[in-house]
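After this come two complexes, each holding chain A, first together with chain B and then together with chain C.
Right after this comes the complex of A and B.
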């Protein structure tokens, strides 16, 4: 029998869920994050979605929702547990994030957050995650909520030298823990661009609160775009979208940072590359900002165009109308069949039609830790080094 | 824009009163949207000459996210924008979750920004049996809750329960009580009993409606009283109530 179901996956996996995206974004901020779900569901997060779990402490918990609480709508139990947790742990803030069961029950987590905040005086967030969207949605809402709540007014300072920057949308789900974040920081500082803060890996709370001082924001994943828009509205900071992959793109990228600082306009150094019009070309599958950066780096390196297939909800303003926003194994397989080269997470290789080349690029937010060792450092000339190993 | 929700015991007159209030607001020159939050989907039926509306959930069932605002919102008598949330087949599914899904769909499609109503009326199913039926009073939805009751014990009991729920939700930033609407059934000590209720739940009686056969006659004609008998005493009562309700919302000059 031939399965002809649409939107169903036999082999392909799902991306990390929105609720893990919230936890991941908030992991290093000193808050207490609670997933409102049945006990045991936390292991999805801490064993598959969170590489920092075993060497960096954080207050991430599961509420241990039971069937009785669900039937009786016992919100008070959750509220009490949150209050107890806050009183015992003294977190900087408390965040509670929804999963499929609370979604189906229609629990109002922001209402509960306000209640807990009134009882404890600790700032609380209730995130309307459902467990049915991807991590980019969760990370995006968490980053923006924290900034909106806590980032202070900052006096406009006069710039001397190269523009200073924030990195927005940085989580292990897109960058893993294999050195890329550190390399990106060094690349910027070595070229004279001070890094004020990184949202949110490797920055102290004090650094995060200084984000308003940066001259330009760098949106390095689609999870950082909402935050960039908020900073634009609050501080007037322009943003640049993309990841500087390879030396050639890095040159253009840095020039666009200068440009953004000079003109106050947002810049898109990874956008507007060649889009294949006819004939076979490369297909890049993954998160939109990563994919657009990869396309530009690929084009600069080979002179060839590529198309993007983004199965995630957010696009980072980097996709062209010709790019694809589809999910579903059959649909994705059909697009692969039209290309001559696919650059994607190794899971996609399992549904690759015969005769098409494949470049493996593991994505933590998709295949987790399985191929982490294979994830290259993918900024600056490290990208070039990696690209050479692919022999394209 | 002022957003209000009408709650009360089953059959007490919520939908009738809501539809007549909508007409009265419309007559005052206000843009009104009435949203029925009841799987029966009969809240706005008398604003449509008795023709049932296609509910939001029916549309979602057929079209998924592709459903448009124009399909969900229809214009009834007096130019009132009418919406029925709808619900599952009786005895199946989850009605409360349905209300949530319907209201979220309206929000997703920016219903208020597009239609820009001055008054939004949520007409909510009798008893707040589960979380979904509290949805209309969550932050971002109704700001004021009006309880409809008569002097009948069951109606008073239901109103008291709803008032208690509203009070419990205060710490969550939900809607507050706007007051009680006394829909007379002419039972003994009616006003006195409802006054007692008002005191118990720390609110006031914002207005009273007499028991009137015109209401049922209009119902027979599948119209509101304001449409069927615009010059009647009862129509004037609804118009008076409309002004009192706006006053209770602090919007008498709307």
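Right after this comes the complex of A and C.
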């Protein structure tokens, strides 16, 4: 099911773009990430998309593309600046990501990356981001590219005890910096599941490079799915898609990790569930894996069905055919009107029809930092605690 | 994690004695400090009361502006039309804009008095026929005043950067009007301090003074058009002043914000000549400014001072003035300087050769320690958000673009602000990360 795009919005916001998704995914890896852009993408990224910017240094820059360089196709300026940056900063790798004007110019960023790599000896990537897709696309391609380039072959270990796991698709755009990532790690380790690595928050490079040792990969956002598929191809590691929201879902989720480890099959504990066929039901708007997990947790908590509206390109293999893949505030407002409850970022409340209940769940990848303090810890029992506060 | 030890501080900062003018630093990859107080084109456009903005851009460009509006609580005055890659190939950009405006307007209970339609770098390159677009829009919605605005960062280093163009378009909606005894001061995001000698002089001479930051309604905004003289103090607003002079025939006078007493007096002389008024005696105001400077220098008692370019368009001239009055100015954060700063640069090279010039966008600036204030136990006074951020001090004067401090009285007020700021530490992260300081954000 393809995403159907509407292009005009009277009041709704827009999701973080693909180029920021690349930066966010690579932020803690010790690389140098350059947005090939005139200006604006950098301040947008570090103001609205990157909560780590003030306190955690990272080599994220813009190239400062000018009109003359764009018209004359002066790729050498970019290559020279990348070489200078690498020589001065000594990053582990260099990544350069496209934005709308380089897209229009048809610049070959992969070719420039190869050129710079030859000149410096530092591994380089060129990402075909356009600035016209969302962060899930950018983060997905960045995570997969790093793993494909750097993750070594690892000898298969014989498992003893609970399966070990990697967390895939973790960025502040979906998880913010309000404690959910730490809570997810704790939930897993307290239940006996060692966390080998987290792609990509809070793990050292060395931990990331040990990802092949994990028994199961946990895809906790749609940005982690391509990486999971790569690890499946390279290491044969099965994956589980979903976020363990609430105590009831956590039980199912952990059991599916065990199943995946035992059978080697991918598991989808948040897929399916009750899909409303007629009559009013809840509508959950957001990133696919988060929304599917929210639906399952909601269903387990209330016994009621819910439909998902995912305005992003990737479905995380979790959506049902009845779920909605649309953008555009008129269309979204019309779907809200068919619901009795909407769970979404507070910006969506601007187009909420009268008489429909609304549960606020701020999403960094949509409203940025505006309501960050309201973002709850949303795994395990903490989800139940949060849900109780909604009085539904 | 990242190994910071490999990064050398060499080739980043430079003493003024060894610096070249106007660009002391080599350009390359650019870092963006998380000091967000400077206004962008959304904040500036919002100064027109009862107006609405529509941005036509790609998703990556929309993200920053749509959240600018949301953070300032103005989402209801802001709409978007997202460009997709097929629009670049299909040649349907004009229709995309027309259909998008129709759809956005159809969702409004009441149409705005004015619409600021922002196009982007892409339109610039593909040759979008904006003339056709605006003609069609004006035909269809005669009750709305339309103007063309531009989010074109690709022109940031050109002769007409986006902020200057924005200040030009900010007054493009003014309609010809009967001239009266009125002076309009253009291009300031906040009103000049009412105690200032220029504002009080104009009012005492019977002139109404218009500033867009004080306008509450669209009709008040239109009163700018009946001015007999327009003044710009912000250099970025000069093209806007010239354009208004050409279009509406209102004489324009650029009386720049400066820190040189002789230039201030010349500015006043020009103003009086333009209005055919006798030049007043400003010795009292000048003495008050000098007294405030001396008093503050004594109070700071050798506390180092650092200045950045976001606080004032003339950081070097301010450094010179403060040095002359006994302050210990140790550093200036700016990536380049404007031509009017040349004299101050030459003076500082001679009298203050050890003054350090630091870039703000150099790639290493994001990775080096921000600890200049530690050298003096945290006691360093920063003027401007970026100086506060990079030095790591908690003592700072939180102003942008001069802070509305203009003339002799402005120097007195700035000195008072400096003294106050030197006494109390501020919560720097929470203040400087607010986007568009003073525009009701945060």
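Operating definition for what follows: the second predicted complex is superposed on the first by the 383 of 392 C-alpha atoms of A that agree within 3 Å, B and C clash if a C-alpha of one lies under 4 Å from a C-alpha of the other, contacts with A are read in each partner's own complex, and residues count from 1 in each chain.
The rule is simple: a contact is a pair of C-beta atoms (placed from the backbone, for glycine too) under 8 Å apart; a residue touches a chain by one contact, two chains touch by 3 or more.
Quick caveat, the model's predicted, so the values are computed rather than measured.
Ranking chain B and chain C by residues of chain A touched puts C first.
Looking at the shared chain after the overlay, A:48 reaches chain C, while chain B stays out of its contact range. When the two complexes are overlaid on their common chain A, residue A:104 makes contact with chain B and with chain C alike. In the superposition on chain A, A:115 contacts chain B only, with no contact to chain C. Look at A:73: by the touch rule set out above, it reaches chain B but stays clear of chain C. With both structures placed on the common chain, the touch criterion links A:222 to neither chain B nor chain C.
On chain A, the surface patch touched by chain B in one complex and by chain C in the other comprises residues 104. Taken in their complex, chain A has these residues touching chain C: 5, 7-20, 28, 30, 34, 37-44, 46-49, 53-54, 57-67, 70, 81-82, 84-85, 88-90, 99-101, 103-104, 130-134, 204-205, 329-330, 347, 350, 367-368, 370. Within the complex formed with chain B, the chain A residues making contact are 73, 104-108, 110-112, 114-115, 118-119. Within the complex, the chain C residues that touch chain A are 1-4, 6-8, 11, 27-32, 34, 36, 57-64, 66-67, 70-71, 75-76, 78-85, 88, 96, 99-100, 103-104, 107-108, 120-122, 124-126, 151, 153-158, 363-364, 366-367, 429, 433, 435. Those residues of chain B whose C-beta lies close enough to touch chain A in the complex are 94, 96-97, 100, 130-132, 134-135, 138-139, 169, 171-174.
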